[in-house]
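Look at the two complexes coming up: chain A is in both, with chain B in one and chain C in the other.
Entry: the complex of A and B
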C-alpha cells in the first residue's frame, strides 16, 4: 500500500508551493501531475511576481536568474488603449527594478520545471504522467486518491487540491456544487514568436536582462471585454489575449481571430514587424475570471483547495501565479498547524480562510469583486472609450491653427454627443465603485 | 533466466526538426526519450520477468543524462539499470558501441551469472543502422534473431518465434543463449503501475566507467571507430501535390482527374488496349 502524509493534486505553482512548504516541515509529500512533466501543459502570459517565491525559496531571485528559469526582469509596464489605427498609452519605467526585481517574464514549461526541481530537492516525490481520477472515501472522509495507473491508490492523511481552472476534483470532493460557467472563465490564446535578442533590445529599448510588458485594451476585441498582452522574453515575445467564454459563444467568434486582430493592428504590427509570422508555439488555456463570487468552499475535513482551482485570480491585474503560490503556501501552513495539533478536520482547517483574508489575496479579490460585473453590464466601457479617447487625443495633439479654446470645446462637444455628460459622470462613478 | 535489455536514449522524434541550412538535427531543447523500438524490448523483458521469473538488467551506453531513460525503463518493473558512461566511449560508431556494450554485459554476468537472452530494439530512431543487436550477438557468440514480431514458445534451451523478412514472415527456432531484436508489432508497451513508477522515480541507476568494465580505450569510442562520417545528406523537402480541382462538382473533378491521368503513358496504353479487348458493357 502506498502511503504519504499529504497528496497534492497538480504540479502547477499552487501545488508545488504547497508541497515545498509541507516538505520543509518534514512531511512526506507526493505531488501527482498528469502532464509529461511539471509545466508541460501550463500556460501563462506570463509575468511572474517575485514576492511569493521569496517566502519559500532561499535566494529565489538569484537562483531563478542563474538557473535560467526566467526570461527578463520587467522594468517597464504599459497600458495601451487601441483606437482605430492609433494608441493612447500610459506607462511606467523604473530601472531600479533591475536591482530589486519585482517581476520576471517567464515561459511556464521552463519555470515550472525549475520550481519542480527545487521541490524535489526538498524531498517531495513528483509523480508525473499520472492523473488523479477520484478520491478514496471512508466514513465520509477522504482517505486518499485513486490515480489513472494500475494499482494506483495512494493513501494519505490529507489532500491539497491544486488542479487548476477545471475544478473536477474540487467538485468530487464536495467543495463546489457545479462546474464553472461560461461567464466565470476566459479563453486565452497565446503565441510565442521568435525574435532575436538584440532586435528585442533595440525595439523595446532595454538590455538583455530587462524586459517590458504591454497590457492592451480596445479595438482588437470587437467590443468584448478582454485583455490583450505582449511581453518580452529573452529571444521571443509572448503575445495573446483572453475573452470571456460566454461572449465568444454569444458572438460566435474564435479566439484566434481576436489574436489575429491584435497582431494585425497597425500599432502592434509596427512593433513586431516581420517577425509576426515566426510563430514558435501556439497555446490556449482558460483563466478563471469569476473573481470573489466564484470562490468555492475552500476546505473540508482533510482537504484544502488553492490556486486557480479555488478561482483565486485577479484578472484585472493579470495576477494568478502569485495568488497560486501564496495560497498554496497558506494551505500548507494551515495543514502543518493541524498536524501539530493532532487534528485534521474542518475545525482546524478553517483558519485557511482567515489566512487568505489577512493576505492580499482575498483583500484584492474583494476590492474588485464588482468590477467585472460592472464591465460586463456596461459594454460601452470597452466599445466606446478606447476609440473615443484615441480620437480626443488626436484632436488635442493635432496642431492645425485652431485656437486651443475651440479645440477644448470640440472635445467637450464630442464627449457630449458620444456619451453625454451625465453618462460620463455615471461611468466614472461605476468605475470608482467597481474598484473601491 | 537472466536477461539484459539494451536501450538507447534518442531525441523525441515527434519534436525533431532539421535545420535545412546546415542539414543538422536541431537537438537544442528537444527532449530525450527511450528509443521507441526499445520500449517493445522492455515490455518483452517485463513479460519474461512475470512469466519466467527472469532477472532483468537494462543497460545503455550514453552521456550522464541517459540516466533518465534508465529510470523510465525501471518503471516496467525490472531489476537493475546500468549506465556505461565515460569520455572514452564518446564518438563511437556501431563497432565501438557493440564493444562497450559487450564489456558491460560481461560485467553483469560477473554479478548474476550467465546471460540467457539479450534484447534490443530493431533500430534506433536517430542512428537507424540496426547493427547494434547483431553486433552484440557476434561478440557474445550468441545466436541471433532480428526483427522479431511474435514469440510462440520459450523452452529451456530454445525459443520458437516469428521474424519479419522483406516479404513475409519466417518462423524459426533460436537456441538460447541468444540476442533478439524486436519490432513494434511484438507487443504493446505497458502503462507502468503506480508502485513500479514510484520505484523508478526513486531509483538510482548503476554507473560504470571504462575501468569498471575493463574496456580497452583503443577499442571503445572514437579511437575504436574505423567509420568516419564524411558527409550527411537529407532528402530534399517533398513538394506538395498539385490540386487539380477545387470546389467543383464531382463530375468536373472526375473529368479533370481523368484528363490528368491520361497524360501518363501507361494509362494511355490501357486505353489503347481497351480497343482490342472491347468494353465490358
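Entry: the complex of A and C
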C-alpha cells in the first residue's frame, strides 16, 4: 500500500507551493499531476508577482532569472481604452523594478517546470502523467486518492485540492454542491506570437531583461464585459482576451473572433505589425471571476482547497497566481499545525479560513466583492465610456482654432447628450463604492 | 488565420480509445435552442449537423467552457486520462 502524509492534487502554483511548505516541515508529500510535466496543461495571461515566492523559495528572484524560469521583469504597466481606431492610455513606468522585480512575465510550461524542480529538491514526489479520478473514503472521511494508473490507489492522512478552475474533485469531495456557473468564469483565449528579442526591445523601448504589460478595454469586446492583454516575453508576446461566459453565450461571436478583433484593431495591429500571424501556440482557459461570493467550502475533514479551485482570484487587478501560491502555503501551514496537534479534522482545519482572512487574499476579494456585479450590470462602463472618452480626448487635443472655452462646452455637451451629467455622477459613485 | 490552423500548431496526445467529452443525450441537443457550446468553445469542438452533435474532442483545449455553459448539463466532461490531451509547450 502506497502511503503519504499528504497528497496534493495538481502541480500548478497552488499545489506546488503547498507541497513545498509541507516538505519543509518534514512531511512526506506526493503531488499528482495529470499532464506530461507540471505546466503542460496550465495557462495564464502571463504576469507573475514575485512576493509570494520570496516567502517560500530562497533567493527566488535570482534563481528564477538565472535558471530562465521567467521572461522579463515588468517595468511598465499600461491600461488601454480602445476607441474606434484610437486609444486613451494610462501607464506607469518605473525602471527601479529592474533592480527589485515586482512581477515577471512568464510562460507557464517553463515556469511550472522550474517550480516543480525546486519542490522535488525539497523531497516531494511529483507523480506526472497521472490523473486523480476520485477519493478513497472511509467512514465519511477522505483517506486517499484513486488515480488513473492501474492499482493507482494512494493513501494519505490529508489531501490538498489544487486542481484548478474546473472543480471536478472539489465537488466529489463535497466541498462544492454545484458546478461553477457561466457568470462565475471568463473564457480566455491567448496566442503566443514569435517576435525577435531585439524587435521587442525596440518596439516597447526596453532592454532584454525588462518588459511591459498592456491591459486592454474597449472596442474589441463588442460591448461585452471583458479584458484584453498584451505582455512581452523574451522573444515572443502573449496576446489574449477573456469575456464572461454568461455574456458570450448570448452572442453569436466565437472567443477567437474577439481575439482577432483585438489583434486587428489599428492600435494593436501597429504594435505587433508583420508578426501578427507568427503564432506559436493557441491556448484557452477559464478564469475564475465570481470572486468572494463564489468561494466553495474551503475545508473538510482531512481536506483543504486552494488556488483557482477555491476561486481565489482578484480579476480586477489580474491577480491569481499570487493568490494561488499564498493560499497553497496557508493551506499547508494549517495542515502542519493540525498534524502537530495530532488531529486532522474540520475543527483544526477551520483556521485555514482565518489565515486567508488575515492575508491580502480574502481582504482583497471582500473589498471588490460587489465591483464585478456593478460593472456587469452597467453596460455604460464597457459600451459607452471607452469610445466616448476617446472622442473627448481627440476633441480636447485637436487644435483647430476653436477657443478653449468652446471646446470645454462641446465636451460637457457630449457628456450631457451621451450619458447625462447625473448618470455620469451615478456611475462615478458606483465605481467609487466598488473600489473604495 | 483559421482556427483549424491555430489548433494545428498545438501539441496533443490523443486518446483514440476513450473520448473525454461525451454528449449524454443527443435528443436534448436537438431541443436546445442556442446551442451555446458551439458558440463558446474556443476550439470549435462542437458541430451540429442537423441531427446529431459531432464532438471533435481531439482539438479540445480542456478549458471547461462547454460544461459550464451547457444549459442542460448534457456534456459528460472529464479531463483526458493522465498524459493525454493538450500538452502546452509554452503555456
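As a convention for this text, the second predicted complex is superposed on the first by the 436 of 436 C-alpha atoms of A that agree within 3 Å, B and C clash if a C-alpha of one lies under 4 Å from a C-alpha of the other, contacts with A are read in each partner's own complex, and residues count from 1 in each chain.
Just so it is clear, a contact is a pair of C-beta atoms (placed from the backbone, for glycine too) under 8 Å apart; a residue touches a chain by one contact, two chains touch by 3 or more.
Quick caveat, the model's predicted, so the values are computed rather than measured.
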item: Touched partner set for A:131, first chain B, second chain C, both or neither; value: second
item: First, second, both or neither for A:2, with chain B first and chain C second; value: first
item: Partner chain in contact with A:297 - chain B first, chain C second, else both or neither; value: neither
item: Touching partner for A:147 - first (chain B), second (chain C), both, neither; value: both
item: First (chain B), second (chain C), both or neither touched by A:278; value: neither
item: Chain C versus chain B, contacts on chain A by residue; value: C
item: Partner chain in contact with A:414 - chain B first, chain C second, else both or neither; value: neither
item: Residues of chain A that lie at the interface with chain B and also at the interface with chain C; value: 129-130, 147-149
item: Residues of chain A touching chain B in the complex; value: 2, 125-127, 129-130, 147-154
item: Chain A - residues contacting chain C, complex; value: 34-36, 39-44, 107-112, 128-131, 147-149, 165-166, 168, 179-182, 184-185, 187, 189, 191-192, 236, 245, 248-256, 277, 279-286
item: Partner chain A, residues of chain C touching it in the complex; value: 1, 3, 6-7, 9-10, 13, 34, 36, 39-44, 61-65, 67-69, 73, 77-83, 85-91
item: Complex contact set, residues of chain B against chain A; value: 191-195, 197-198, 201-202
